[in-house]
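Should a chain be cited, it is by its letter among A, B, C, D, E and F, assigned in written order, with residues numbered from 1 in that chain.
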Amino acid sequence: MSATPQLPPVAKLEQKTVIDLVAKGKRIDERGPESYRPIQIQVGLIEKANGSAQVHLGKSKVLAGIKVQIGTPFPDTPDEGVLTVNAELVPLASPSFEAGPPSEAAIELSRVVDRGIRESKALDMKSLVLQKGKTVQVVYVDIYVLDHDGNLIDAASMAALAALVNSKVSKMEVKGDEVINKGGHHQLPLNNYPVAVTFAKVDRTIIVDPSLEEEQVMNARLTVTIDKNGDICAMQKGGLYGFTPDEVRKAVHMAVGKAAENRARIMAAAKG
Amino acid sequence: MNKLPEPKQPEKLIDDKGLRIDGRRLDELRPIKLEVGLLDKADGSAYIEQGKNKILVAVYGPREAHPKHIAMPERAVIRCRYHMAPFSVDERKNPAPSRREMELSKVIRESLEPVVLTDLYPRTTIDLFIEVLQSDGGSRCAGITAASLALADAGIPMKEMVAACAVGKIEGKLALDLSDAEDKYGEADIPVALVPNAGLVTLLQMDGHLTLSEFEQGFTMALEACKTLNAMQREVLKKKYATIKEAAEEREEAEVVA
Amino acid sequence: MSATPQLPPVAKLEQKTVIDLVAKGKRIDERGPESYRPIQIQVGLIEKANGSAQVHLGKSKVLAGIKVQIGTPFPDTPDEGVLTVNAELVPLASPSFEAGPPSEAAIELSRVVDRGIRESKALDMKSLVLQKGKTVQVVYVDIYVLDHDGNLIDAASMAALAALVNSKVSKMEVKGDEVINKGGHHQLPLNNYPVAVTFAKVDRTIIVDPSLEEEQVMNARLTVTIDKNGDICAMQKGGLYGFTPDEVRKAVHMAVGKAAENRARIMAAAKG
Amino acid sequence: MNKLPEPKQPEKLIDDKGLRIDGRRLDELRPIKLEVGLLDKADGSAYIEQGKNKILVAVYGPREAHPKHIAMPERAVIRCRYHMAPFSVDERKNPAPSRREMELSKVIRESLEPVVLTDLYPRTTIDLFIEVLQSDGGSRCAGITAASLALADAGIPMKEMVAACAVGKIEGKLALDLSDAEDKYGEADIPVALVPNAGLVTLLQMDGHLTLSEFEQGFTMALEACKTLNAMQREVLKKKYATIKEAAEEREEAEVVA
Amino acid sequence: MSATPQLPPVAKLEQKTVIDLVAKGKRIDERGPESYRPIQIQVGLIEKANGSAQVHLGKSKVLAGIKVQIGTPFPDTPDEGVLTVNAELVPLASPSFEAGPPSEAAIELSRVVDRGIRESKALDMKSLVLQKGKTVQVVYVDIYVLDHDGNLIDAASMAALAALVNSKVSKMEVKGDEVINKGGHHQLPLNNYPVAVTFAKVDRTIIVDPSLEEEQVMNARLTVTIDKNGDICAMQKGGLYGFTPDEVRKAVHMAVGKAAENRARIMAAAKG
Amino acid sequence: MNKLPEPKQPEKLIDDKGLRIDGRRLDELRPIKLEVGLLDKADGSAYIEQGKNKILVAVYGPREAHPKHIAMPERAVIRCRYHMAPFSVDERKNPAPSRREMELSKVIRESLEPVVLTDLYPRTTIDLFIEVLQSDGGSRCAGITAASLALADAGIPMKEMVAACAVGKIEGKLALDLSDAEDKYGEADIPVALVPNAGLVTLLQMDGHLTLSEFEQGFTMALEACKTLNAMQREVLKKKYATIKEAAEEREEAEVVA
């Protein structure tokens, strides 16, 4: 069951400061309403993964790792590989995270990142088939949150994309009953590069890339995931209140530019 | 080999006359049936049929929070469970909650939170149980529409009712209220919930592919459909209270006669 | 672990009223001790199921749905299909039901309904085999309780039987490695029609079809499932106290007639 | 292919002389061994062998209810776990509780509730752990018979002890106390628990096929067997107290001598 | 998460008595510091198991049962069978055990016993293969604690070894797609006989085979598992404090002799 | 067929010059990198690279025990979770905790309990989260080494820091600090944790085959390595405090100037 979340007690005064600043077009960390925090992207940190990337979004830190395994296709898509996106909100990252099965926040995070990749057709699913209906590559995208200072969706979405771009997989084929290495490596075949851009509504103002302090006072959250053509491939509204239709429209338009900027950062970092 | 032979993909989702596989126009809602107050044990209940969707919603509360530590001192906690019956879909669904059901429980709860006057009932819970008996695309939206009615039926004070509807893209065209097959073989789906008088969008998701102008057009279609659905919701409640009033008047008359 | 259940606090006065009435041969809803509440049976409500039925037993409402899938037989019965009966006591149906894995009440309910079907050999298990030892039909009977006003066993048993009678399954066969439709449909092959009849002992009186109010004051409960020949195929005693041997004998004899009446109702409704 | 070769089905369950595969007559119980007080840590314990069944029962309590919210203000809560060791059956059993074990835990608890004077120990629990070390048909009944002894061994006040026994139908004939093979290849099984002096049947289940007159006859056989088992139970306790008394007397004598 | 355990409240006075005695080179049950409690070993009690043994170590009682099933090998060891050791701390055995999934104590117990068997190469894993990469024997060693009066590791280790020595398995082979009995039985092939010896440090003294009362006041615990050649095959330190290096060395040396004594007892009992 | 082609087993673990596959001598530690204070939300944190191990540790606490019943009236409860990221090992690891992770969480906690002054913080918990981002043999020891630093970084009072290192046997020879491949194809592994000044061994496990004299020799090697690691730990803290002091002095100077 999903229940109204119990937010950590934030000092009322601090809360008011955050809101008042936003109302004046300012922010507590001195950014403008439409600015991201500093973004750092590092790829290839996890040598045992088929791809990996760490994103620092301000003080938020997210690590994504790709593992490619061998498995069977789903019965209704015998000519496609399998993509699994999983997010772990490990208790190392925040006093509000608990050990145990994925919380609804972790599930929402993984599903929003998953939709971005899947719906933009970023990963060429057909190329993952080794033997139709029988043997396919299973691509695991595991998102590991290491420090939670807000806007995990954008950090995770960037880390996942950078890790995919960073990927290196042995060339394989099926011989008889076995999967064997053909020799050589290739990148996972990517056709698109989706980037999530998240907005928060604080008081009556729309800001981009909310920090944790801002998330704790926001009315609602809207993520718009934009593909390489500037089209929308996923959206997700969250939070206890709503947006006016015009706020939605404004956010969607703003997302296109922000996504392009962040995509450029990812590509630069991932290709080294 | 653990699957039944699949139903075939329809050859076309839109025919030459611009009609959809179930005969609808692109901007047409499926037939909708709304009922309230069907369940005996629940504090409030509602039922919706929208196309082949059959969804039952029960509300319990405001009631004492259990376990106690989930209570909030200044407001009621809203809890929501969207759950599908094992026989509600083509392939039997395991009754344990899936990740999808957990996500939908969250976004449905968030779509309703803004209208419920939770501060009237501190330390309690208001529990919403949405059981999808048959699913046919758009069940989260139909669930929200019915849940608002169930809350009203339970007498939970609300600012107004929330209505929800999806719009999608099939064969390159925007189409209202996608059915299961349209969702499966279509190109995009945007579920939207609207608080009509406040003009607040409280559910908004999307998956697929839409240009900005397609989104703009589709979003507007969805908002209009939410208003239509909201009118239906109000009609149902009006009828209910009329019935109650009639019954009361008859009782009074009977008493006068007696 | 099974623990003494905590019953909801029923006002002592109300409790006494229910008991006193039964002691006088009456009941709180004006039935006689040996009368069922009104029974309504509707079939075919769930088009996506292979069979479905909804039973209203007084204010209790139970929906049963049949799904037929393809699977493998159990290793020790390679020449039989698989039957799985599952009951969900969803929290929508009662303030006393909780979300989560099946409670012991749900497990008992499903197992008693299962035993009736299985032990009466209602479903022809051999006819479900598509390929001996390899491919069989798996018949899921899912019982969904929608409103709990007592005597769920009888309501569920009737709903399950009606849904089986209502069933319509594509004709299938195995060709090579695939299951294909041969075209056409058939009903699941039924050889028997078991019906559960439940008695409660309130004070020292045996009544049939206890309502929730009666269950809350009953000493014990006895279910007798009767097959189409008037023979017994399953029994289950429940509750914190017991029955005298003579009370058991009386209930068993009474069950035969009640089962026949309810079976006639089911067949009439299911065949439409 | 994940199974061992199966043991073969016996050709006949009853031979020409009317004897069963283990040489018993139709109305004969299997050899039974009962012991009490074998465990050190438990407050009470008992052990039963009935045929190849080997079942150990421990009782803990009355003890403080934990967690507290399960306590009842006016009586002790009885908790019961029927559990099978992984090696107790032909094919290894997963140690996680199965649906069958959960059902049996419930009906066993319900069979014992009526005799325990729970109102003497409000706010406590009395916990019964039944571990089936080897299972051979009729383990729920043997478990009840042993559990009554374990409760007595723990000094839990009871009105009297409950005894249980099953009767079944094999090759068309009623037979007492079915073994595993008889249960598997037979036609019906009726486990019964009886509170002998009160004349109360507190466990009654059945599966298979029985005419009314077969039931009537079998039920009576089972009730008689319960009485026989109850005499054995009482004998065991008598012997235990005799031993305790003897030991006490010896001690006294020794003290006098000293 | 592993948390500091909450020990049952042992009366301070009693605690002091246990410690004072050990400090004087004595023990509460009148043993010497280097003596085991009486050991009784019985094999073959569980006829349905492929092997079984019950060990009484003072008042501690542990039952081990072996089941041999058919399964598939792990992909990385296609030419080896499978060994699975599992320990259940059933609530029958101690007021401190709870029903539910294995506690960390149960997991540690099973893993220490497992390591003794596996690392000493006691069980000939290759001989369990029926068809390379496809069909192997899976040996389950299930440890059932019946009465917990301390030092479960040694009792479980002895019971597991005795049950393995006591084992009797049908001779099998694969024909076509089926496993069939060749007729006859054999013992599971054993190449080694590991025995665990556990020490506790109470105050500043090392004692062997701690009873429950001693475990409740011990500083730390050290298990040394010795193989038939007097070599070490496994070790495990437990408890909230530590050992000096010299204490470790002393324990390791003492373990060799103790293991030999207990191994002789096991072999005598198991071979009957 | 659900596995990738396996990496090949190295032909030799020790070459003709006595060097190991990564070029180390038998008594040589892998390159080690230690950092503290990298995480923003945690009360203390540390990071270790040891060979290809990459391990992040966070400490939260002392903080209010939650749920309350786990609190102890006379001391802080230490809780510890050793957990591996799904991508940390060759074959993807299911994120649910394995039995191995549960055992390691316990022995790591027990290795640190003796140095923490838990009695200063009754009724609280001190929570240690060890996340193995990449695993390369010896991760439990590296985790302990880093955890001590994270506790220091969190300002938790300790008697001293614990350091840990494993020694193993490969191709019949004792070798310090085994890598993954050496552990897999070697003959024994002994993880050891030492409280250096107190001279207390607080972690000691072993699996494989060792004669008594091999154990004696290897154990001594491991203890020496723990002392080396402890010096590194102290160095890192010294550097941290130097940096803090410098920053403070600069601030002071700046203030003087201003």
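Here, a contact is a pair of C-beta atoms (placed from the backbone, for glycine too) under 8 Å apart; a residue touches a chain by one contact, two chains touch by 3 or more.
Keep in mind it's a predicted model, so treat the numbers as computed, not measured.
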{"item": "Any chain in contact with subunit A as well as subunit F", "value": "none"}
{"item": "Longest centre-to-centre distance from subunit E, chain (CA-based)", "value": "B"}
{"item": "Chain separated most widely from subunit C, comparing mean CA positions", "value": "F"}
{"item": "Approximate Å spacing (C-alpha centroids) for the pair subunit A, subunit C", "value": "47"}
{"item": "Geometric centre distance via CA averages, subunit E-subunit D, whole Å", "value": "30"}
{"item": "Interface hub residues of subunit A, defined as touching at least two other chains", "value": "1, 99"}
{"item": "In subunit B, residues with contacts to at least two other chains", "value": "2-3, 81, 127"}
{"item": "Category of the chain touch graph - line, ring, star, complete, other", "value": "ring"}
{"item": "Chain order around the ring, beginning at subunit C and proceeding next to subunit D", "value": "C, D, E, F, A, B"}
{"item": "Residues of subunit F defined as touching subunit A within the complex", "value": "1-5, 39-42, 52, 54, 56-58, 60, 63, 81, 83, 85-92, 95-96, 127, 129, 131, 133-135"}
{"item": "Touching residues on subunit A, where the partner in the complex is subunit F", "value": "45-49, 52, 59, 61, 63, 65-72, 86, 88, 90-95, 99, 101, 135, 140, 142, 144, 146-149, 170, 172, 177-181"}
{"item": "Residue ranges of subunit B in contact with subunit A within the complex", "value": "2-3, 6, 70, 72, 75, 77-81, 99-100, 102-103, 105-110, 113-114, 118, 125, 127, 190, 195, 198-212, 215-216, 219-220, 223"}
{"item": "Contact set on subunit E toward subunit F in their complex", "value": "1-4, 6, 75-76, 102, 104, 107-108, 110-111, 115, 118-120, 220, 222, 227, 230-245, 248-249, 252-253, 256"}
